[in-house]
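A, B and C are the chain letters, set down in written order, and residue numbers restart from 1 in every chain.
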């Protein structure tokens, strides 16, 4: 992550810690804007195809496992909670508690991934692939791209965990933790829309 | 670097340290800028040579040097490399990187290491695109489906390379937005910012918000070829025109990613060489933002004859006219700045004036094409080719050349030969017009674009156009030699050879590593020409 | 590092654990509601309810978990602008896709 070593970095003298904190957070919000529009293309495709083929969506979404989807939603929302609690912990100067919450968050991300793995294998078992129909192509591309973001978020949080264990963060310096948290919440945010759009079509 | 003390790094010129590795690992925005400049120039030369080959093929009817398939490959290469490797990163990444921190009074960009990473990602993308040449794509730079799904050429690698370049573009834009927001020197308020900064800011917004849409459309195109997901395949219920919507949702704003920084350059050059304050500062500043906003509303004017609905075509045609307004505001204000100025026709100014003249032609012919009824006739003819090149070469590249000659002394610490620069300009200006003006006429006569051959009645104008391309090529060659010679034989540049009031000229040429010995306190805007001693 | 500590007190808001847990409970309740609603058939209203609930959830995540509530104006602009662009992309694409004249082969 940018900024972790900024303070001792030779070219970093121009940035005082307050500016650095604001810059990094603002930068992450811009990146979130980018991510929203990346998924935006898929949401646009979804809207158009759902309006075009309402029967296909109504029929084929029954193949998806609503229970597993709901479970994964709960897992991801819980992981967002643990992430948020982690940020408060370090703001209050409790790095050990932060490490615990980060670990929980990563494990919940992993649980999400495992769950998704079973879901995908069940689909493949029934000979459902991307390309089987427009609906399943949407299902696989949307959840697949989201899954990639879960992995990226987990990698980011693992880095944060290592840095926390090395004692890098305190109530005086936790910018990277908070900014990584923003990214993790984005992953949750996108799933909040994916779940009803794919699994809960009446 | 690590061995120097801080006091030393502030006084060492940024060019001092030698060795390739010291460049490739430098987080100094000025070094990164120079690396971009060299890379994009290399790709400009490659794509330019392919353009000369294309024009050579069109010198005479029938086969001249290449067959039809090679011709398709060549124009795909020319378009994709010019657009994605030269003109999109072009001014923003090279001059933007060099100038933004200097102009706002900062020591570097907000995220220097992210900046270096963006450059590496750019190189990686470029590398992937070059590898794709082993089985070069023949789709044109627009990759329209369904042909791009079915062609046997290597579309996947080329589009993946562009996807990677998109990342670089997004991260650069993000870096610049944060830099401009958070790192302005004390007293550098928004309304004191140089107009190049406003332009870079507008460009960066487009980079951050438009690029992800092409990223996803190219990913979907790749998924279409690998998995057959069917979004763009009518046989599976998909919609090939949807790809065009996604593509142009990015690629029209991308036109402004290419042109707005050039407009920023012109806004800097004109007042310096007219010795007058810029006229209508706020109008120019906010029109950049207006272009950034409106350019998102007009994408489908590229698709009037794609089989789009008439409802959509009418809406988009109307919206398209809106985008002409902020552009016209700029041209008006530049012209007003020139009025009664003491104009000094140095080479940067010659290119700036060429910009105004040629871009106006490019913009006005764009109005014809934006009009639904006229476009139905002119679409996919050489009229479009001429229009696009008047905007891209007449606009962006003239702006690029203006910037190159204007900031050359600051960047290199050397002067070039002004007389030779003017001769080169004359060749470029004449060559450009001889090449592309006949294409307007060819277009109205109905010659379609993207064919390797044409009926004999179009011969004389094509011949003229090809001859023009040689004049243009000679001009650019002379310019390149002149600038390269300046590096080795040029006189040492003074700190402020053109008497500019902007901050980047208040530091030595070339600037030291951390730009400013002390961060300046800004008390006035940068355009007070004619009033002070300046 | 003293400036940093000072900065945290002035510019950074610390949300108590309690608030986060409260938000989480609300999010879970909303999830149950949206799943529950999907078992009934209200026609077009199913998707309206589903999207409305999702939007409330997303707003809660953004406002509290992501601290958007305490951010400055420019962050709000860049958080909301993409949503406007997304609406534009969808809306104007639809103006094409669903208004094409039917061409008989």
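In the analysis below, a contact is a pair of C-beta atoms (placed from the backbone, for glycine too) under 8 Å apart; a residue touches a chain by one contact, two chains touch by 3 or more.
Just so it is clear, the structure is predicted and the values come from calculations on it, not from any experiment.
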>> Looking only at C-beta pairs that count as contacts, which pair of chains has more of them, B-C or A-C?
In response: A-C
> So which chain is the furthest away from chain C, centre to centre on CA atoms?
Replying inline: B
> How many Å are there between the centre of chain B and the centre of chain C, using C-alpha atoms for each centre?
Replying inline: 36
> Which integer distance in Å separates the CA centroid of chain A from that of chain C?
Replying inline: 14
>> Show the residues in chain C shared as contacts by 2 or more other chains, in ascending order.
In response: 74, 81-82, 85, 89, 93, 97-98
> Residues of chain A that touch two or more other chains: which are they?
Replying inline: 22, 26, 30, 33-34, 37, 40-41, 44, 48, 52
> Considering chain B alone, which of its residues make contact with at least two other chains?
Replying inline: 181, 209, 213, 239, 242
>> Under the stated contact criterion, what part of chain A meets chain C in this complex?
In response: 16-18, 21-22, 25-26, 29-30, 32-34, 36-37, 40-41, 43-44, 47-48, 51-52, 66, 70, 73-74, 77-78, 80-81, 83-85, 87-88, 91-92, 171-173, 181-182, 185-186, 188-189, 192-193, 195-197, 199-202
> Touching chain C in the complex: which residues of chain B?
Replying inline: 181, 209, 213, 239, 241-242, 245, 249, 296-297, 299-300, 303, 307-312, 315-316
> Once bound in the complex, which stretches of chain C touch chain A?
Replying inline: 1, 3-5, 7-8, 11-12, 14-17, 20-21, 23-24, 27-28, 31, 34-35, 37-38, 40-42, 46-47, 50-51, 53-54, 57-58, 61-62, 64-66, 71, 74-75, 78-79, 81-83, 85-86, 89-90, 93-94, 97-98
>> Taking the touch rule as given, give the residues of chain B at its contact with chain A in the complex, in rising order.
In response: 1-2, 6, 9, 27-28, 106-108, 110-114, 170, 174-175, 177-178, 181-183, 208-213, 215-217, 219-220, 223, 227-231, 236-239, 242, 246, 513-514, 519
>> Quick check on the complex: what are the chain A residues that touch chain B?
In response: 2-3, 9-15, 19, 22-24, 26-27, 30-31, 33-35, 37-42, 44-45, 48-49, 52-53, 56, 129-131, 133-134, 137, 140-141, 145
